[in-house]
Structures are given as C-alpha cells and as structure tokens.
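Chain IDs A, B, C and D follow the sequence of writing; residue 1 opens each chain.
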Amino acid sequence: MNGQNPSLGRKFDLLMVFLIIISVVLMILETMPELASLQRIFLRLELAFVVIFIVAYVVRVLVSRPRRAYIFGFYGIIDLLAILPALLLPAASGVRVVRLLRVFRLIRLFKLSRYSSAIRLFQVALRDIIEELVLFLVFPIMVVLALAFGIYHFENPVQPEYFRSVPASLWWAIVSLTSVGYGDAYPITTGGKIFTSFMLLVGMGVVSVPSALLATALSKAAQERRSPNESSLQ
Amino acid sequence: MNGQNPSLGRKFDLLMVFLIIISVVLMILETMPELASLQRIFLRLELAFVVIFIVAYVVRVLVSRPRRAYIFGFYGIIDLLAILPALLLPAASGVRVVRLLRVFRLIRLFKLSRYSSAIRLFQVALRDIIEELVLFLVFPIMVVLALAFGIYHFENPVQPEYFRSVPASLWWAIVSLTSVGYGDAYPITTGGKIFTSFMLLVGMGVVSVPSALLATALSKAAQERRSPNESSLQ
Amino acid sequence: MNGQNPSLGRKFDLLMVFLIIISVVLMILETMPELASLQRIFLRLELAFVVIFIVAYVVRVLVSRPRRAYIFGFYGIIDLLAILPALLLPAASGVRVVRLLRVFRLIRLFKLSRYSSAIRLFQVALRDIIEELVLFLVFPIMVVLALAFGIYHFENPVQPEYFRSVPASLWWAIVSLTSVGYGDAYPITTGGKIFTSFMLLVGMGVVSVPSALLATALSKAAQERRSPNESSLQ
Amino acid sequence: MNGQNPSLGRKFDLLMVFLIIISVVLMILETMPELASLQRIFLRLELAFVVIFIVAYVVRVLVSRPRRAYIFGFYGIIDLLAILPALLLPAASGVRVVRLLRVFRLIRLFKLSRYSSAIRLFQVALRDIIEELVLFLVFPIMVVLALAFGIYHFENPVQPEYFRSVPASLWWAIVSLTSVGYGDAYPITTGGKIFTSFMLLVGMGVVSVPSALLATALSKAAQERRSPNESSLQ
C-alpha cells in the first residue's frame, strides 16, 4: 500500500481523504428539503466528484505495482463499488432507484479508514479476540431469542398489535437489551414484566460482553504496540 | 463427551447444530400471521424434527460409554426436556397449552452451546469470579429495592396508576437502572426527580459492576488460555 | 466483629439475614392494593419483626466486648436507626407519617451487607480508587451542568413547560446522560439537537468513567486477594 | 502555577473554588420562575461576583511571575472569557442577548478543574491514548453516518416528518447509538427495523470503545502514579 514515492503518495492520500469528506457532507446536505433550491448545484458538484473518483481509481490501477493485488484486493473492490453506481447512473433515471444507489455510495466512507493506521491496530486487536468474539456472539443471540420467544408468549394475547409474532418481538428484544428502549412497545402483563426484568438484569451483562472484549483487546494492542519488547528487557 | 470415533462424532455434532438452527428458524417463522397459510407445512417439518431429535437422544444414550453420566448429566436432562413437550403433544390438544410448550422447547437452543468450546472458556471465567459475582449481585439488588421503595413513596400519591405498589415500582426501577427507560412511567414530583437523579448517578455504576467483572474475567481467561505457561518461561 | 463463639455467632448472623430478607419481602407485599385484605396479618408480622430486631439489638449491645465500639460504630447506629421508627410508631398515628417512616426502615437492608465478605473486597477496591473516584466525579457534574444550561438556553423559549428552569433541565440532562431517556422531554430545536448530540457523544464517556474505574478496581482487588504474594515468588 | 507563597496561594485557590460554586448555584437558581421575586437580589449578588472575579483576574496577572505565561495561557484566556460577558453587559441591554451571555459564563466552571490534581491524571491518561482515541473516533462517526443514511432510505418515504433529511436522521442515529432512545422517532418499516437491529448490535460496541479506552487508560494511569518505580525494584 506504500507508494513508490512516499511524499507524493502521502499528499495524494490526504487530498483524497479531504475530497471524500466533502462529498459525504454534500450527500448529507442534498437530502435536506430546505436546500431543494440548490439541487442543481449539488448535482454538478456530485458529477465533478464522480469524475475525480473515477480518475483516482484509474490512476491507482496504473500505479500499483502488482496490478492484480489492487484490483482484486479489498480496497480495490470497495473503490470500484463506490464509483459503480455513478457509472450506472445515466441508465437508471428513476428517482427511487437513484435514491437507493445513493445509500450504496456510502461505501466511499470506508475509503476513509484506508488511509488511517487505526485499521492496523484494529486488525491486531480483532485477530487477538476473533475466536472469543465469535463464540461469545452465541450467548447474546440466545438471550435475544429467549427474550423474544418469552415476551411473545406473555404479551401476544394482550397486545397482538405490538407483539404480533416472534420476528416482531425480536425488534423489541434487541431495542430492550441494547438499552435503547424507544417506548414504542413494552410489556403490560405481570408475567411479561417479571420475565423482562429478569432477562434485562441477566441478559444485559451477556450482551455487553463482546463490546467489552473488543475495548479491552484494543487497549492492550495499543499498549503492546508502544512497548513491544518490554519482556526482553528483563 | 468426546466420542469414540472423533471424526464421525464431529460430523454428527455439526449436523445437529445445523438442524437445531433450522428448527429454531421454523419456530420463529410459524408465529408470523403473514405465513398462516404455510401452517400445515410448518407442522409437518416440526414433526420431522421431533422424530430426528428423539432418534438423536436414543442414539446418544446408546453410544455414551458410562450411560448414567449422559442420562443424568446436565446435557442429557436438557436433551430430554427439549423432546418431552413433543412426546406429550398428542395428549395436550388445547391451543393455549401447545403455545406454552413451544416456549419450553426453546431449551433446544442450549444444545447449541454444547458443541462449542466457548462454554469451557466461560466456565473458567465464571469459576474465577463466581464468588465476587454472587457477592456483588447483593449491591444491585439493594439499589433496585431502594429505588423502588423511594419512588413508591414519592410518586404513589400523585400517580397511583403507574406506581401502584412496590412490586409495580420494581418494574420501573429495573427498567430505569438498566437504562432502558421505555417511558411508560417516570417521576413527575420534584422529590421523585431528585431522588431518581441521585439513584441513577450512583446506582448505575453499581448495577453495571457484575457485567464489567464478567467481561474482564472472560478477557483474562481468553488471554491465559493462549499463554498458559508465560510465568514458567522467565 | 468476629464473635467470641464463632459457631454460635455464625448461626445467629445467618438467622438474622434470613429474618431481614423475610421482613423486606413483607414490606414489599404490604404495599400491594391487591393484598389489602391481608393488612391485619402484615401488621402483626411487622410487630413480631420489630420485637425480634429490638431484642437482637439489645443482645448485640450486651455481647459486644468493647460496648462503645458497637453502639457508636457504623453498624450499631444503622441497627438503631432501623428500629427507631418502630419505637416511635405508636406516637405517630397519621397514615402519611407512617408511610414516610416505612421508607426509613429500608436501612435494614444495609444490615444484609454486614454479614457478607463482599464489603471487605469493596472497601479494598474503594480505598484503592477513592482519590480518582472523587476527582473524576467533578467531570460528570460539569458535563451535566453544561448540558442543563445549554438545553435551557435552546429549548426554554420553545418548550417552557418541559425546560422551565435550569433545575428542571438538570432532570432531563441526568436522564439523558445516563442513557435512560424516558422520552418525557427532548429537544425539538435544531440548535438543541446539535448541542445535545455533541454532549451525548462526548459526555457519556466522561459520565461512565467512575463506574468503569470501580469495576476495574474491584476486578483487580479480587485478583490480588487470590494471589497476594505473587511478586514475592519471583 | 504554584504560587510564591504556597500557603497563601492555597487559601486563595480554595476561596475561589468556593466562590465559583456559589456563583454557579446562583446562576441555576435565578432561572427558576418560582424565584422570580428574588430577581433583584440575584442581580446584586451577580454584580458582586463579577467584581470579585475581575479583581481575582487582575491579582493573578500582577502576581504571576512570567506575566505572559498566564495572560496568553489556557487558564488566563478562560478567566478572561469568564469575565468578558460581564464587562460587556452594560452595553448589551436586550434580554435575549443577556441570556445568551449567561450560557457563555458557564466557562467559569472550567476554573474549578484548575485547582484539582485530577487534571494531571487526566492529562497523563489522555496523552497515553490520544492517538488511539482520535483514530477510534473515526469508526463511531462512520457507524452514525451509515445508520443515518440507511434509516433515511428506509423511513423517509413512510415517515417524512421524523426522517425529513439525513441531518434530521443523524439526530435519531446519535440518540439510538448512545442508547438514550427518547422515543420521539423510531423505525416502523420492516426494512428499517432489521437494519436498525443490526446496526445497534454491531455499532454500539464500536461507539462505546472510545469511552472504554479512556476508562482503562485512567485506571492504569492512576495505578502507575501510585507505584511509579515498580519495575526498578526487581
């Protein structure tokens, strides 16, 4: 990923990060009905960015030494996906389709992470706990499922509109166990309240474990990077 | 738990995990009113799964060398409980009873954990902190009780429909301290608001300690497993 | 705190824990309007418990060797406060006053912690971080105050009923920063939403630090207790 | 920052902390419509405090030995900003403007942190993780943006009043990912619910990482401060 000319490559990367941020801000602003009068300007800027990103993709393909490595690599595919909707845009003129493609263009954001060294630290931490992380995702899934089945049993006869089925109850279970609690649905039966209370107290600890594991691993990876040969000093 | 023929036992276990996941997905789908027309197909698939799980139970009983160890062991009892409702199904034909039994069949999910090595890591971590975990569950219970009694005192005279009794206030206290906050009930008196503010700031830390302890212990157990003789190298 | 006769003292302590739990359950049940018909039984049981706790207090005073240490110690004062409302009960016959005294009797719960070794671990952990804990409580207070002042500025002109004053906004700020979010009040102005978004992202980390510090210290204290002379082995 | 006469400087600092706390309490109380009758007293006390803080600023400028270091230093600028609105007050007589200035005076609160040693511990911890903290702020921002774009796509056609634009959806995304969940807006389409469920389970871990990193670093910094030459003893 390090270019042949480090100084030039660095400047090019910084410019790209800057352009990606600007284009994301434009994507946000053009959804505002208050700025509907500026829609024409947004479209032109959008077009300019599409041209820039296509040129940047072509340059990258030409410059990267093992050309295959970039084109079929993770970032090459993301870069292609990010410009693909723009290439298909003229063909798809329906408003609804274009909006859907806009969401797809969000992948551009991932290019941001490309230029940061955080990814490497993240990868080290993730490799360190990937086994535990996957294994401990089983517990949260089981807790969420158990809560959804249980609440469906208790609340479906009383509130069939909110707890229509287990999939509908799954939405409520995830919103509850992540402690968001919008309040669009909540148990009203005594059984449902007791069951939910128990599951919240027990289940929340289980649901928060993967996130806690990730934070601890990141903290440790960051620490080890700073003092890699601490043990060799003894 | 390791079979005589490791290769065959492993394949059997993987097949069972696959079947359990399919049967859980079916259990979820058959609750959807939108798929009511497929109810007959669900029932037949359900029957097929019941037969498979009964056969699997019998095979396990026959294959396991100290037969007692399996039948009266934790997993043997879970396996039996998971097929028991199906065995009793023909007798219980009432719709209401069958629905209740469906919830009971969720225990099948626990069989999932049987085949994963996460359980062992979990057991090590749990054994490591079981004493602290039990002891520190006393604090959250005290905080929840104190919040329920206090809010009952402040809010019952003003909102008797929401804070009808201490058990009813316990529901609100747990929903608040786990930070879910559905918004179905909240204090409206100045005293109740001040008391709740104080309890939230102080109590949330206490309530989150068990979950934090568990995450730390898991992270440490995972780390020690990777480098078990770290100290012997010095 | 260790009695002269360890075996007898231990049995006495266990009995007291059992009685405290029963009396707390009774206190919870007697608030239920559904059980209003049992009110007479609750009163008699309550009376019995009061007598028992008074006797236990007297016994403790007589038995404890340096009598002053118990009477003027932390637990002696709690024991006295827990029976005091019962002693004053006959004088105060107003229903409202009696209810208020009931809340006061909750202090009995703290006696529970008396018999557990968790307290010692908690004390070690607390002593270890008391300085940081106090210091880092300054940041959450500042964040809560800043959020309350800010939201009062943005929302008071538009929603004077919900953000009537800074103290009223403090309630909303605490409910928001502890992530409970009942939904009884929320910003509706663009300025208020931007300000709240920023404060939530920045402030939540700060508010959760004391709780995280406590959990880490507890985990470390528990670990050190298990291997107290780890360093002396090297 | 240590004065020439430590004893006198310490007393001066403690007095200032006391005065700042009193002035903050006054600022809170004067917003209460219930205390509107005391408005005249509040104004006079406010005037007294302004005079005191101006005098304190002048004294500090005169006393500090490298005068520039204070005047152009972080605390000198904060001290000046905190008294600036008061100096401009006579000119600005409009009620609306005065209220805005009041918010600005909140900077006074930061002077509180000036006198505490917590700042130093905070600085050590922050310096230790500043790199990771900045880098890992990129992930939460990406998650929040992705959630806002996605929910805008799913919910805008159905609930245009709540998910009017991406900036409006950003408010909902931040309230959701910080697990506050006021319940003023929530997805009602199946696609929106599935997307939100997925983002909550995955994104919450990512959003909580910076806060967890900070807590771990603080805990470690506190620990190292207590035993700075632990390794040199071996």
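Here is the rule we go by: a residue touches a chain if its C-beta (ideal position, glycine included) is under 8 Å from a C-beta of that chain, and two chains touch if they have at least 3 such contacts.
This one's a predicted model, so the numbers in the text were calculated from it and none came from an experiment.
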Comparison of B-D and B-C (more C-beta pairs in contact): B-C
Suppose each chain is reduced to the average of its Cα coordinates; what separation in Å results between chain B and chain C? 28
Counting in whole Å, what is the centre-to-centre distance of chain B and chain D, each centre being its mean C-alpha position? 39
What residues in chain B touch two or more of the other chains? 170, 179-183, 212, 216, 234
Please classify the inter-chain touch graph. Allowed labels: line, ring, star, complete, other. complete
Considering the complex alone, what residue numbers of chain A touch chain D? 24, 27-29, 31-34, 99-100, 102-103, 106, 109-110, 112-113, 116-118, 121-122, 140, 170-171, 174-175, 178-184, 210-212, 214-216, 218-219, 222, 234
Flag every residue of chain C that touches chain D in the complex, lowest number first. 129, 131-132, 135-136, 138-139, 142, 145-146, 148-150, 152-153, 164-167, 170, 176, 179-183, 186, 193, 197, 200-201, 204-206, 208-209, 212-213, 216-217, 234
Looking at the complex, which residues from chain D come into contact with chain B? 179, 181-183
